[in-house]
Structure formats: structure tokens, C-alpha cells
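Both complexes below contain chain A, partnered by chain B and then by chain C.
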Partner chain A sequence: MINSVGRDIPDQVLKDTGMKVFQGSRARNAEEYVKAAPKVRAWIDPTESKMVADIHEALVKCGIKDGMTLGFHHHFRNGDKVVNMVMEEVHKMGIKDITICASSLGSAHNPILPMIEDGTVTGIQSSGVRGKIGDAISNGKLKGYAIMRSHGGRVRAIESGDVHIDISFIGAPTCDEYGNCRAVGGKSDCGVLSYAVVDAKYADKVVAITDTLVPYPNMPASISQIDVDYVVVVDEIGDPAKIATGAAKPTSDVRKIMMAEYCTQFVVNSPYFKEGFTYQTGVGGASLASTISLGEVMKERNIHMSVGIGGMASAMCKLLDEGWIGKLADTQDFDIDAINNIKTNPNHIEISGSEYANPMNKGSYVNRLDVVVLAALEVDTHFNCNVVVDSNGMITGAQGGHPDTAAGAKCTIVITPLLQGRIPCVKTDVTTVTTPGEDVDVIITEYGIAINPKRQDLIEAMKGVKLPFTTIEELRDLAYSMVGEPDPVEFGDRVVGIIEARDGTIIDVVRQFKPYEYKD
Partner chain B sequence: MNPNLKRLRRTMMFLNCQKPGLIKDPYIYKPDSIMLDLEDAVAENQKDAARFSLYHALQEIDYHGVERVVRINGLDTPHWQEDVRVCVAGGCDSIRIPKVEHAKDVHIIEEAVRKAEDEFGREHGRILLMAALESTLGILNAYEICTSSELLFGCALSGGDYTKDLQTKITGTGVELNGARQLMIIAARAAKKQCFDTVFTNLDDMEGFIKETEMIKLMGFDGKSIVNPRQIAPTHKIFTPTEKEIDFAEKVVKEIDSKKAMGIGVFTVNGKMIDIAFYDGAKRTIDMAKAAGVYEGDL
Partner chain C sequence: MELKGTGMAGTLESSDAQVTVEPGTNGIELSIESSVINQYGRQIRATVKQTLENLEIKNAKVTVVDKGALDCTLKARVEGAVFRANGVVEGLPWGGAIK
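Moving on, here comes the complex of A and B:
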């Protein structure tokens, strides 16, 4: 069945999953539904302890069995040790048919690979899968479909009951013996636990895993004792060097600086750049550079940002400290400055994944965004973006908050170089649609800027602005004129992954990887 | 006369022809000229590969009006003849001759270009020349060099080699380059040619770069050699007339044009006494503003 971005979703997939095809970003607006609820084990007896000796005991007490779904968060990024240590124990116990439902997975989780091959893990649901797990999924090694969801989409799936987490394991930088978790004050600080909040509220069993047990009460808690069943102390939950690096040095790549400068000029000339505007950006080189140059213009013109949303890094924190931003609504910390900043600046505030981006709650923060600056692996002439599947057809990225912020913001800007080596990033059709073009307003490349024709208001607003405006088709033609039009990526027949739109419908599927065959 | 002799050359960005990634699209940074280098940046055993890349770049890539200057290898090397043939066959706009010390150095290249143009069936006089002055002797012979050829549009200082010859070093104060800069700008102007300053290599010292560029602008230079795209925007800013300067120049040109008809030789603009001696300078300001894309008037 063809969906509203023109992708043919096989009937078999719809049958297997009971899912529907994507009908547009706002198709489910105002829909009413009843939220799911977890099974709760009452804790009336005050003499009972939540402390368990090790992960094995936690698994036993939680009633681990074949076919369960386990929840994890990715706040430790590539320094995460929690997923592997839990899964190793599950593996040792001979449990099969587990679905991992993580907010994201990366190359830190390469040790899971043999568990996919031997049937311990048969389902993966994540915002992204980099590293060997991505390769394994693309190569058809996972028994079921991998489901890729945005950060908001994961919360929606859990809250609406599309996925039910049996046990969630929450890596907590600090925790007390009754389960109050914080993301600061320990050995493996990650700043916030935003994406784990939904797990704590909706999983049947919740296990806090920490390497820093602190005296009761560990407050203010990101995850409260009322939602935690067991507490396990281990040696290390993460590798601090990989959780957060020092503040990224501003890029010296002139191409990125140039795109950042175009972006800043676009933003300041847009109708949204006024006192109290709201903003989000990523942490790529060009995004960071654009935050820095935007900050300079804010100071020049005495314009303040009321709130900065999403993942945080030093540039935004500096503007907060200097008084140019009112509040930071933080869901993830990308560098040590951001982690330190949330400890010291009371206007730097942790929000949950649902508050951030869930499209089916009563209104998330992304809905309040004026401008979001994003990146992409590929964009196409319909303004669709692909942030998950690389141009060879391999799963290699993550939706993260891309579809959420794009859908919420009044002005969605995507910065991408025109070419990556010999691969055009602006194409007629992206390999895989992960963010629909209806939610993308502006594409900025080093060669020119294209505004989505449906945004005639923006085109009008940019009249007389000295920026290299062009059309998306011209950008594509330019890219093709330099490196040629690439042959479409060839895939096998089997569907290995589902790209879920943030509202729970299918926006695209990923088929099994097939090595390129040269024609003679 | 080749119209490119007098074109705007505020920035000439060096790019190593050994690296195709650098020469594939430098026009996106909008320098006035690019300097496709076959000389010092290219390893001795990679000269051939660099020429190969250069030829294909010149043939295939649309540089969107950015002047394509090629720095060939010096006359004291075994490479320059082949370099010249590639420049002509590829169809570059100009050739920078390194280490020029005498007019005859320019004549040798001029002759080689002419021969190559005959070989490849190209029209004579399309490829221009510029001379790099890299020694004390070259500086002392600047006028002779500047007047050596009608195809030569100007000269450029190469500070590194020059200071070695002077038995000093680049100090950052500019004191070691004072004499050379003064001599060559005077010689170039006397010969009605353009004159370009040397590179500034410390990319972390943007303040120092701007100070030096402001200084050479005041000394009369037409532009500066650039080693990184980050240096382009500040240089163009320095070499672009301000709104006030454009406004004044416009008034001067218009007033002189109309007063001339009325037989008035001296008058005032914005309280300043003006006569015909201001005319060329004001015209130049307008031309510069036009070339920089900031002039919106009707002159």
C-alpha cells in the first residue's frame, strides 16, 4: 500500500505488524485513546529491601522469561555498559526471543551481535542502530523486524501500548537504596535521564543499575523511588570518556562554517528571529557553528531566546550562562560542559522524552519550537530526509529527534553538504524516508539554499536577502552534474526494518542489504 | 587589450593541485582568483599527477568566473616547460611565474606560452602572466619586470623566500618586508600594473591578518595572497569601499561631470574641496564597489 510520501509498504508487513501506513504528519491529530498502564507490585511493607546482589538476582526477581521485551536508555551514548552487562546475563541464563527496546543503540553494543545470531535477541526497537547491530539487521540476521522510532515516537509507542516493556534497566549515575535516580554526582554522569522516564512509568518491572550508591534521599530525582522495583550496584555502568567528551572545538572546516553562516543569516532574516524565540540545534560541526554565530547576532541585536530545547552542548550552555537564553529544556547532554551546566545553572532543566517530543500527549515541547536546525544523510526533491540508511543501503544512523522537531517547529532547516565524497546528498528520491518533506522547510548546502515551495511565506520573507537561493531541483542537478546520477541502491526482497513515523504508522521500510553488482 | 588585465583581484587563494578535493569547487568561497599550485605545495615526485589533475580540472570544472591562475615551477627546475603546456592545453586564465629576477625570465615564459598556444591551436594573448618577486634582486628589478610584457598584469611578493634572501625572517611586525613592499608597489604603479602582497600563514591570528591586510590596502596594494578560505571574507571587506566612500565617490564623479560642462574647475562636495585630480580615484572606488557587488547606483 502506497503511503503519503509515495512509499510502497508491503501488505505482508502491514499484516504481520497490524500497523497502518503513514497518512501525513498531522493525520492523527485530536485522536483520542486510552493510555497503557504497567503492572505494579505493591510495596507496603517498609522493612523490605529493594537492594539485590547482582543483575542475575534482579532478572530472577523480575521473572525474566523467553519472549520478554527489555527497555534501555542511551544517555551513556557510546560509553554505555548497561545493555551489554544485562544481556550477557540474559544470554547466560539461556533466555531466548528477547526484544530490546532501547532509546538508541550504538557501536558500544557490538557484543550483542552473537545474541542476535543465536536467537537470544529476535527483536530490536530503537531510534537508531549504528555499528555491527545495524549491519546485522541490514543483512537479515534478526528474526523479526527491527523497528526504528524517533525519540517522541518511542514514548508514544510505550504510552499508547504499541509496545509493552516487561523489564526496564535504568543505568543511573547515582541512586539511593530505595531507587531514586539522578544523572549527576556519580562516576558516570550523563546530566539527564530524560529518555528513561517513560520506562520507569510504563514498564512492569524497573531495575536501577548504578555504580554510585548515595545516601537516601537522592534528590531531586529524575526517576523516583515510586517507580523502581530493584536497585543493583555494579562496578561501572559506563565509560565517562565515551559518555561525554570535552566541549567540541568549534569547527575549522570552512565549508561547515559557510553553511552555518548561511543558516544564521537565514534565521535572523526570518520572521521568527525576535525577542523570546525558541530554538533547537544538533551537535554536528555546522549546527554548533551556527549556534555560535547566531549567538553573536543575538548579542548585536539584543534579542533573547526564551528556551533552547533538546540535546545540549557547550555553545547553548554558554549563552544560557551569559543570560541570552531564558531556559534550557534538556533531554540529553553531549559534552562535559553541558553536564556541568545542568548541575550549576538552575535555568538548565531536565525534561522527559514525553515532554520533549511525544506527538500523542497533550502537547510536547517540540510543538513550541520556532526554529530547528538539523542535518541529514540525504534529502530529496520532495524535501524528504533520510537520517537512518546510508547511500549504500546499510542501516547506520538514528532518527533521534529529527522527525519530532521537524514536525513541531515553525521553521525546519536542514544543513547538508551537497556531496559526501562522490555521493550526492541531494537526490531525486532519498534511499529511505525517515522525516517527511511536508515537515522540512529549508535545505542549506554550501552551494545554495532551497526553500520548500509550500512555504511561500518564507520565500516572500527572504526577498532581498543576500543569500544564494536556488531550488531543490537545481541543487540536485548541480550535484548530479558533478558526480553523476547514482544508480538506485539495490536491496534484497526481505523487509528487515520498519521506519515508524512518530505517530506509529509506517513511513518506509528497509529491505535486506544486497552488495552492489557491477554491470559488465 | 585583454580585459582581464585590470580585473578585480583582492584575493588569490593558493590551492594544491596534488589534492583534487581542494581544486574541485573552491569557487564556493568566492575568491576573486584561485592560485592552482604546481610548485612548492606539490611533492617533487607528484608533479606529474598534479599536472594531470590540473588539466582535468581546467577542462571539466566550471569555476563560475573565478580567475584560474596557475603557479608553475621555476625556471631553475625541469618542470616548467611541461607546466606551461598543461596551462595552455587546459586553458587557464593566467600563469604565475615564480622567482622572477629579470625581465628576460618573463620573456622566456611568454615565448613558451606562445609556442604552446601554437601547438594546441589556441589564440595568442588570452593567457596573462604575473611575476612573483621572491628575492632581493627581484625586488630591485621590480620596474624592469613590471614593464617586461604587455601580457603581465602585475607582480606579487613572496615573503618567505624574500626574507631568507634578506637573511632575516617573518617577524609578524612587517618591518622586514617594509622596503620590498614600498619598492614593488611604487614600481608596479609606475608601470601601471597591479601589485599583490604575500601570504599570512598563521590562521589562528585573524586579528594580525586583518591588521596586515588593512596596512597593505593603505599602501596601495590591489590584493593579497590567501592560504585559507577563512581569510577571504575579511580581505574582501577591507578592499570593499564603505557606503560612505561610495556615496562620496558618486557625488564627486557626478559633480565633476556636470561642473565640467559648466566650465567650473573647483567646487566642494560634503564641505571638501574637489577638483579634477579626484576624478580617477572616485571612478576607481565606484568600479571597486561594482566589482564587489555592493554598488546600487546608476553610474
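Moving on, here comes the complex of A and C:
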């Protein structure tokens, strides 16, 4: 069945999953539903301990069995050791048919690969996958469909009961013996535990795994004792060097600086740049550079940001410390400065994944965004974006908060170079749609800026502004004139991945990777 | 033009291509490896073949390891490899001038 971004979703996939096709970003607005709930084991006896000897004992006490769904968070990013240590034990116990439902997975989880091949893991649900797991999924090695969900979409899926987590494992930088978890302090400090909050509230069993047991009570807790069944102490839950890098140096890439400058000029000339505006940006080179140059204009014109939302890095923290931002609503920390800043600045506040981006709660932070600045692997002439599948057809990225913030913000700006080597980033049609064009307002490249024709108000507002405005078709034509028109990537028939829209419908599917063959 | 020996041009840097040509007896035996093959395999092959045709190379073993080179780069690397194979290093007839 063809969905509203023109993608044909095979009937078999709809039948297998019971899912519906995407019908527009706001199609499910105002829908009413009853939230799911976990099965809770009462803890009346005050003499009972929650401490267990090791992960094996935790798994046994939680009643691990074939076919279960296990939850994990990705706040340790590429330094995560929790997924692997839990799955190694599951594997040793001979458990099969596990679905991993993680807020994201990366190359740190390459050791899971043999478990996909031997049937220990048959389902993967994640914001995205990089590294060998992405290759394995693209090559059809996972038995079931991999489901890629945005950060808000994962919370929605859990809260609405589309997925039920049997046991969730929460890597906690610090924890006390009764299960109060904090993200700050300890050996594997990650700043916030935002994406784990929904796991604590909705998984039947919740296991806190820490390498730093602290005296009771560990307060204020990100994850409360009332939601935690067991506590395990291990040697290391993460590799601090890979959890957060040092503050990224401002980029020296002139192309990125140019795009950042265009972006800043666009924002400051938009109707949204006024006292108390709200803003989110990523941590790529151009995004970071645009935050820095936007900060300079804020100071020149004495304009303050009321709140900065989402993943945090040094540039936003510096503006907070200097008083140019009122609050930071933080869901993830990307560098050491951000991790330190949440400890020292009381206006830097942790929010949950649901507060951040869940489209089906009673209103998330992304709905309050004026401007979001994003990146993309590919954008197309319909303003659709692809952030998951590379131009060869391999799963290699993650949705993150891309579709959530794009849907929520009044003005969604995507910065992308026109070309990455020979690969055009502006195309007639993206390989895979991950964010619908209806939610994308502006594409900024080093060769020009295209405003979505749907946003006549923005086109009007930019009249007289000295920026290289053009159309999305002209950008594509320019790209193709330099590198040639790309042939569409050919895939195998089997659907290996589902790109879930944030509302739980199917916006696109990913088919099995097919090695290139010449036609003649 | 007959190939007299083996010639190589180009690097494995991003946006370049490394082209190796050797004498052959069985027409053009072409091997292409490319980081952008899924979208540009057809065009890379056509460009390499066209360039060899312009140089009137009828028999050769040609190996292309492409890292996303543009057509103009591919052409120059093929021509460079062919000229080097034949010891032509000065006054190069770039751009298929031999045609």
C-alpha cells in the first residue's frame, strides 16, 4: 500500500506486523488510547535485599526465557559495555529468540553479531544501527524485521504497548543498594539517563547495573528505587574515553563554516529570532559552528534563548553559563563540557525521552521548538530526509530525534553539503524516507538555500535578505551536473528493516542489500 | 594504440581513482571496484571504456579502484595510466587528442 510519502509498503509487512502505513505527520493527533502498564512485583518485606551477585543471578531472578524483549539505553554511546555483558550471559545460558529494544546501538555492539547469526537475537528495535549489526541486518541475517524508531517513537511504542519490554537493564553511573540511579558521578559519568526513564516505568523487571555503588539514598535520582527490582555491581559499565569526547574544536572546514553562516543568517532573519526563542541543534561540525555564530548575533542584538533542547555539547553550555540561554532541557551529553555543566549549572536540567519527543503524550518539548537545525545523509526534491540508509543501500545511521524535532519545530532547517565526494546529497528521491518532507522547511547547502514551497510565509519573510536562495530542483540539477545522475540503488526483495514514523506507522521499509551487478 | 607495458595512475584518496593498465590479448578486460558502485557503476564503466576507445586501446587488462572520482578524474587517470604504460611522459595529448 502506498503511504503519504509515496512509498509502497508491502502487504506482507503490514500483515506480519499489524502496522499501518504513514498517513501524514499529524494523522493521529487527538487520538485517545489507554497506556500500557508493567507487571510489578510488590516489595513489602523491608528485610529483602535488591542486591544480586552478578548478571547471571539477575537474569535468573527476572525469569529470563526464550522470546523475551530486553531494553537498553545508549547514554554510554560507543563506550557502552552493558548491552554486551548482558547479552553474553544470555548467550551463555542458551536463551534464544531475544528482541533487543535499545534506544540506539552502535559499533560498540559488534560482539552481538554472532548472536544474530545463531538465533540468540532475532529482533532488533533501535533508533538505528551502525557498524557490523547494520551490515548484518542489511544482509538479511536477522530473522525478524529490524524496526528503526525515533527517540520519541520508542517512548510512544513502549507507552502505548506496541512493544512490551520484559526486562530492562539500566546502566547507572551511580546507584545505591535500593536502586536509585543517577547519571552524574561515578566512573562512567554520562550526565543524564533520559532515554532509560521509560524503561524503568514500563518494563516488567528493571535491573540497575552500576560500577559505582554509593551510600543510600542516591538523590536526586533519575531512576527511582520504586521502579527497580535488582541492583548488580560490575567492574565497568562503560569506557569513559568513548562515552564523551573532549569538547569538539570548532570546525576549520570552510565549507561547513559557510553553511553555518548561511544558517545563522537565515535564523536571525526569520520571524522566530526574537527574545525568548527556543532552539535545538545537533553536534555535527556545521551545526556546532552555527550555534557559535548564532550566539554571537544573540549577544550583538541582546536576544536570549528561553530554552535549548535535546543533545548537549559545549557550545550550548557556554551560552547557558554566560546567561544567554535560560534553561537547557537535556536528553543526552555529547562531550565532557556538557557532562560537567549539568552538575554545575542548576539551569541545565535532565528531561525524560517522553518529555523530549513522545508524539502521543500530552505535549512534548519538541512541540515548543521555534527552530531546529539538523543534518541528513540525503534530502530530496520533496524535502524528505534520509538519516538511516547510506547511498549504497546499507543501514548505517540512526533516526535519533530527527523526525521528532522536525515535526515539532516551527522552522526545521537541514544543513547538508550538496555533494559528499561523488555522492549527491540532494536527489530526486531519497533512498529511504526517514523524515517526511512535510516537516522540513529549509535545506541549506554551500551552493544555495531552498525553502519548502509549502512555507510561503518563510519565502515572503526572506524577501530582500542577502542569501543565495534557489529551489530544491535547482540544487539537485546542479549536483547532477557535476557528478552525473545517480542510478537508483537496487535492493533484494526481502524486507529487512522497517522505518517507523514517530506515530508508529510505516514511513518506509529497507530491503536486503544487493551487491552491484551490471545490467549487460 | 598497443600497450607496451604496465602503467598506473591515481591514488586511493577519497574522490580519486587508481587505474592500472596492462597489455592484454582478449579485448578489454575490465575490473572495477568502487565506493559508489551502487549508484555510479554503470557510468564509471562507460567512462573508462569510452576513454580507452578514444585512445584506440583494443586489448588491455584494466583495473580501476575508484573512491568516488568524478568523470573528469577517471578520464585523466585512465589516460595517465595508458601514457605511462607506453613511456609517453612529455607533451601529453590530454583529453583524447589521439582520437
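Just so it is clear, the second predicted complex is superposed on the first by the 518 of 520 C-alpha atoms of A that agree within 3 Å, B and C clash if a C-alpha of one lies under 4 Å from a C-alpha of the other, contacts with A are read in each partner's own complex, and residues count from 1 in each chain.
FYI, contacts are C-beta pairs under 8 Å (C-beta built on N, C-alpha and C of every residue); 3 or more make two chains touch, one makes a residue touch a chain.
The structure displayed is predicted, hence computed values, not measured ones.
Peer 1: Have a look at where A:92 lands relative to chain B and chain C in the superposition and call it first, second, both or neither.
Peer 2: Neither: A:92 stays clear of chain B and chain C.
Peer 1: Which partner does A:143 reach: the first (chain B), the second (chain C), both, or neither?
Peer 2: Neither partner.
Peer 1: Spot which of chain B and chain C makes contact with more residues of chain A, would you?
Peer 2: So, of the two partners, C touches more residues of chain A.
Peer 1: Tell me the contact category for A:254 with respect to chain B and chain C: first, second, both or neither.
Peer 2: A:254 contacts chain B only, not chain C.
Peer 1: Quick check on the superposed pair: does A:518 touch chain B, chain C, both, or neither? Answer first, second, both or neither.
Peer 2: Touch status of A:518: second partner only.
Peer 1: Is A:35 touching the first partner chain B, the second partner chain C, both, or neither of them?
Peer 2: neither
Peer 1: Just chain B (first), just chain C (second), both, or neither: which does A:301 touch?
Peer 2: Touch status of A:301: no partner.
Peer 1: Looking at the overlay, what does A:446 touch: chain B (first), chain C (second), both, or neither?
Peer 2: After superposing on A, A:446 lies in contact with chain B but is clear of chain C.
Peer 1: Which parts of chain A are touched by chain B and by chain C alike?
Peer 2: After superposing on chain A, chain A residues 482 contact both chain B and chain C.
Peer 1: Under the touch definition given earlier, write down the residues of chain B that touch chain A in their complex.
Peer 2: Going through chain B, the ones touching chain A are 24-25, 28-29, 203, 228-230.
Peer 1: Contact residues on chain A for chain C in the complex?
Peer 2: 391-393, 421-423, 482-484, 486-490, 516, 518-519
Peer 1: Using the touch definition up top, name the residues of chain A that touch chain B in the complex.
Peer 2: 252, 254-255, 257-258, 446-447, 482
Peer 1: Quick check: in the complex, which residue numbers of chain C touch chain A?
Peer 2: Counting only chain C, the residues touching chain A are 14-15, 35-43, 45, 67-71.
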